[in-house]
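Structure below; questions to follow.
Chain nomenclature is as follows: A, B, C and D, assigned in order of appearance, with residue numbering initiated at 1 for each chain independently.
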Amino acid sequence: DPALIYDLGGKFDKSFNEAAFNGATKWAEETGGTFKDIELQSEAQREQALRRFAEAGFNPIVTTGFSMSTPIASVAADYPDTKFVTIDGFVDPAEHPNVLSILFAEEQGSYLVGMLAAMASKTGTVSFVGGMDIPLIRKFACGYAQGVKAVNPDATVIANMTGTTPAAWNDPVKGSELTKAQISQGSDVVFAAAGGTGLGVLQTAADEGILSIGVDSNQNYLFPGKVLTSMLKRVDVATAEAMTAGADLETGVKALALAGDGVGYALDENNADLITADMQATVEEAKAKIIAGEITVHDYASDDSCPAISF
Amino acid sequence: MDKMPAWADAVLVPLISLILAALLSALVIVAIGESPIEALKLMVEGALMRSTGWGYTLYYATNFIFTGLAVSVAFHAGLFNIGGEGQATLGGLGVALVCLYLPWPHWSLALIGASLGAAVFGALWALIPAYFQAKRGSHIVITTIMFNFIAAALLNYVLVNLLKPVGTMDPASALFPPATHLPTFQEMFSSPESPLFRGAPANISFFLALIACVVVWLLIWRTRLGYEIRALGHSESAARYAGISPVRIIIVTMLISGALSGLMAVNTTMGESERLLMNATEGAGFIGIAVALMGRNHPLGVLLAAILFGFLYQGGAELALWTNIPRELIVVIQALVILFTGALDNMVRIPLEKLFLAMRRGNT
Amino acid sequence: MDFLTLLQVLDSTVRLATPLLLACLAGLFSERAGIFDIGLEGKMLMAAFFSAAVASLTGSVWLGLLAGIAGSMVLSGIHGLASITFRGNQLISGVAINFLAAGLTVLIAQDWFSQGGRTPSLMGGGRFNAITLPFADTLSGVPILGPIYAELISGHSILVYVAFACVPLTWWILFRTRFGLRLRAVGEAPEAVDTAGVSVVGLRYAAVAICGLLCGIAGAYLATGLQAGFVKDMTAGRGYIALAALIFAKWRPWHALSACLLFGLLQAVALRYQNIDLGGVIIPVQVMDALPYILTVVILAGFVGKAIPPRAGGEPYVKER
Amino acid sequence: MTDQAPAIELRGISKAFGPVQANKDISIRVMPGTIHGIIGENGAGKSTLMSILYGFYKADAGEVFIAGKKTEIPDSQAAINAGIGMVFQHFKLVQNFTVLENVILGAEEGRLLRPSLSKARGALKKLAEEYELSVDPDALVQDLSVGHQQRVEILKALYRQADILILDEPTGVLTPAEADHLFRILDNLRAEGKTIILITHKLREIMEITDTVSVMRRGEMTATVKTAETSPEALAELMVGRKVLLRVDKAPARPGAKLLEIENLRLTDETGVQRLRGISLDLRAGEVLGIAGVAGNGQSELLEVLGGYGTATGIVRVNGVEIPLSGTGCTGQARRAAGIGHVPEDRHHDGLILPYTAWENACFGYHRDPAFQKGILMNNAAIREDAKGKMERFDVRPPNPNLAARNFSGGNQQKIVLAREIEHNPDILLIGQPTRGVDIGAIEFIHQQIIRLRNQGKAILLVSVELDEIFSLSDRIAVMFDGQIMGFRDAAQTDQRELGLMMAGITQDPGGDPLAAIDATLAAKEAREAAQHG
């Protein structure tokens, strides 16, 4: 059986851990298989969970979050017959042949929703709310800003972070205030990449009559007609695929990008009225170009810098 | 003359309180549709019946010993140091700087250096609130709360902008050089014939924590400084009468307290993760308050309470591994343990005292 | 900063200050009666959960409010039992209550709603909506005062007005009524109250109950006024900040208002002005994030003298040892 | 008289605090319109018995009859309803409330304060006139002198229309003038038919004012007698179980070298009030200089400055060497090193750490002494041994150094402090209120120790509000008033009246009734302080 280890944010973070859970559930429903999962509580449990699951014979062991890569690197050699998957993390395949690293090109998905934001914006000012100031969140913000500027080079992108303690991921009240502050600075589309805090952002955007953009999972349904789109990161698909492959999982490094729909933007009945055919066409064109390599979206993590916005 | 024998107060009361907490926890487990007996079995087996379980229990306990001692030392001077979290955070920074930027030939030297780094950084982070309390009367509870937030912001900045290696996603420092690797219990106690503590994070800093317990005990009950700290804690006016300077004691005590909190980072940052993480303290500073209060501010009590909390953490991890019980159940159990052993202890003590008194009357 | 921005910052200040203010007044009642309470955080959290849960189940925000208050008061009852009846350690009890609330809210939420420790988002009658005060629209044209009235004073949820009304009410109760006199006395010298023939236990329970009530409103405001649902740990340390404000205010109602407004303002400013560019040097977001806390320490050390808590505070009333 | 029901009758009252049997089967009858005294050693159970009558503690067994009717007194409210008022040994006042607020607390008229306050204001005015009990109704209690605080307690009881008034050691903290005043009030109350129970350690007071007196020992009532039919000596013997020397025998002083010289000592407290206004005095080896004065006239501050924990200006020389009065050299430890021992007035507050054991307290302030060290640690064994010796020599009971200080009676606590300071063999000993609240057995012992020290050639500065004590111990007497010394007198050549006037700030005998003159100077002093505050 496969096992799934969620990052500290917990199984139901309405975000990428939840996406992994959904993917695993879908896999279980479709195949009738079962999987084991655990929500971590502390840093030290990472390695513990890996070892306990490996010893108990679970295979593959799928993990979410970049923080799992280091523990996997130190455990993998002890269990050569077990396959480990690190979603968002990177483990050198040369050293650890039994590990699959799945990396998402979040900047590409963010780029597309940034374009949508710029097109939907009437004021020329759009904004971003991040949970904590960490590289991953900057990566989102950077891609987003690039997309915005691609459509409207004069647009203003306001990027704010919620806080510096773990509470930053669960403070919808602060998210809400940040959104209000951004609205008063002219923003009329806000992209939230902030876990539970993001709910406050989406809520306030809906209350105040501006558009919002969800993250990781499709969050369009939360406020139908008020969420412009969601930046999708198909952790669910990646999880389900890994589980389907089972013990025969191919290891190495897998980059999930726009090509192959590893990332993308959400279009469904909830936001059908918000995205005009024109907008969709423009975004699809950009998407094709990115896939074709004609447009390169800069990845913040590659050199810790961003051409479109400063942190 | 006491109302009941000391052993009853020290053993019987906490034991009965613990049982009450366990019973109530069992009710909660039943309420969410699981079996409390199974849960208890899992916890005990996972945390205490295997050496690896102990390896985790003691790893957590190490953290709580340091923060618990920190809180209790301050308490003896009448100071409520809620800032363990921030001081431990800064301690982590100290450890990281020492391990990353100084060349260490051997782990033993690195351990000394890192301990110093952790203690100094933790102490300095406690110094400012201490100074304001001593000189300006600024309430240390407020200032230490504030310093927790400030420490988090500082660490966030340092990690993301200064310490994080370029191109990595983790807001964490680079791995420390191998020479700073501290011996784990596995390396210390395992032999090929009898593998022990496999993979457990417990490491030599547990013994550092034990030493800290002894040192704190000596400090508080055997040194002049400890005598003066306790005197100030009991009565400021008497302290002044005896020529004990409140300003000096407040500052020195908080430096010691901050250093102890900071030392926790040797266990987490150097011993376990071997790099500086964003949230390495994980609330241990707050658990330290509960541990200190439950341990009645005595190092032995702190040690026992820390092990109890270590057990809850590790047992909780086992529950999370093998059942569908949400991890918050462990938080509830912790709450009940704190409540019954720490705050509702008189509920047990008063009837017991009556019982013992009646027995004594009956005998004489 | 132009006038409109100022108004918006102040508006944000009011919203951020309201939960602090309610919790701070809650703590004021309790601590004035000699019961220290670091469990404000937990009570608010409990109330936030139950108000959102019941509001979402019944669709009535008022029933939600009642449920939130009830949840908070149950915790108050536990605190009272521990610190009044069984003369336990008030700090430990408060710590335990914070843990209990953090765990129970998520546990129950998961059990009831299976949405990962959240309540469903509240719709329509499940939330407190902003109230537009009379003439707000007509007056908004009046220079200066008009916008102040329309933007700043009008347009908050009813609980905000309740919170602000609680300040004079608290003052009046404490300093103009018999109950207030006795309450203050029991926090200063319980033996004086006892020998005057008044029940120390009764008064302290009353104070703790009021504390629960106000924390209940604070939590309900977070989950059903400011937000539309409960998210785990959504109080995010506000209980501790309220405690700081209480000490800052030296346990006085009007000062509590100033202290909470100050904290609210500092936060509002920090939220609005992240990444300030000072001629090339960009102040990092972390500095702004920490600014409210740094300023608090500076103000405390620089301008506010020593805060002396109620004399009997934190000590159980023990007659016979 | 005989057919009249007793105002109070207690039958078979027993009370245990855990293992301590504080009251054992106590019965007592007090007739209406009389003053009944209760005496007994520290810890005999006097306060406990009265607290039971007032409903503060609940008796384990026994019955209470008020005016012949069996009355249940489960709490103080019941006692108040039964017409009982009590002034506790340790006042039960809210320090930061006004007098008025303290008086109405628990006896308010309605839910709102204003009506109660104005009614009480009127009532207080009447009571003040009726019983000479004037206090400023709007003053904060913490600003009042102990004597005035006691008036507030009495007013509280009278405001509740108490017919039975219990006073627990009321004169322990009063000056002779204040005590006389109190007794006049008690006389008036008795004349009105009220019943009064008076606990005191002072036999003179018992003889002076009571009608009947009971003696308690170790929780039991050992005797009840008519005051007129007994004598102080007999009572003392009943109380302690042996003969007690009620007077101090001392040889004439042989003063030697000047050990302490003080010139123009001044101190202003943090509220801006001048507490010491230019004190100058000399103290010689082998003499006791008694400082008399009403509490709150700067005596405490004088001791604090000399003891090293108050900063002042002026010159102080010890053995001819000037010592610093502020800064780093001004600490308690520096003073001890300079040969000054200090028995502080308030043992609970300053002199002892109540949760510390007796042995820890026995080295308090001397804990840095090299004899008590073992390397970097304290030599607890040595300290304990040393404490044991001290406790034996000073007859501290129980002689158990491991017992916490709070578990000793007041007299024994006092002995621990005295032992500590005296045995360290200081050249100069500062002693504040050495016998406050201590029973006569202990008083006898403490007085003997002070005289013994003087005879060894030490210099002793004694501060006491008890004129009796000042007279029986001092060789010279200085009177302090309002931060100044009104004058020095030879103990043999002055009398209570002259000192009493000086204590009120009057150096010249005005003749006639001194009370008016006293009131005038006191009013002037209060006005000055108020002005300084503002």
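Odds and ends about this structure:
The working rule: contacts are C-beta pairs under 8 Å (C-beta built on N, C-alpha and C of every residue); 3 or more make two chains touch, one makes a residue touch a chain.
In this text, all values refer to a predicted model and were calculated from it rather than measured experimentally.
Chains touching both chain A and chain C: B. Chain centres computed from CA atoms place D at the largest separation from chain A.
Computed from the mean C-alpha positions, the centre of chain B lies at a distance of 46 Å from the centre of chain D. If each chain is reduced to the centroid of its CA atoms, chain C and chain D end up 46 Å from each other.
If each chain is reduced to the centroid of its CA atoms, chain A and chain B end up 35 Å from each other. Our note on geometry: chain B versus chain C, Cα centroid distance of 29 Å, whole angstroms.
Residue numbers of chain D whose C-beta contacts span two or more other chains: 18. Annotation for chain A: residues 10, 133, 163-165 touch two or more other chains. In chain B, 149, 153, 156-157, 326, 330 are the positions where the chain touches two or more neighbouring chains simultaneously. By the definition given earlier, chain contacts exist for A-B, A-C, B-C, B-D, C-D. Here chain A touches chain B in the complex through residues 10, 38-45, 47-49, 51-53, 66-67, 69-70, 75, 78, 88-90, 132-136, 139, 163-166, 301-304, going by the rule given at the top. Taken together, the chain D residues at the contact with chain B in this complex read 18-20, 307-309, 331-336, 342, 344, 349-356, 360, 364-365, 367-368, 373, 376-378, 380.
Within the complex, the chain A residues that touch chain C are 10-14, 18, 133, 159-161, 163-165, 167, 170-174, 176-178, 180-181, 184-185, 196, 199-200, 203, 222-223, 310-311. Chain D makes touch with chain C in their complex at residues 17-18, 54, 56-57, 75-81, 86, 88, 92-97, 101-102, 104-108, 110-114, 116, 156. Those residues of chain B that touch chain C in the complex are listed here as 28, 31-32, 80, 82, 128-129, 132, 136-139, 141-143, 145-147, 149-150, 153-154, 156-157, 161, 286, 289-290, 293-294, 326, 328-336, 338-339, 342-347, 350.
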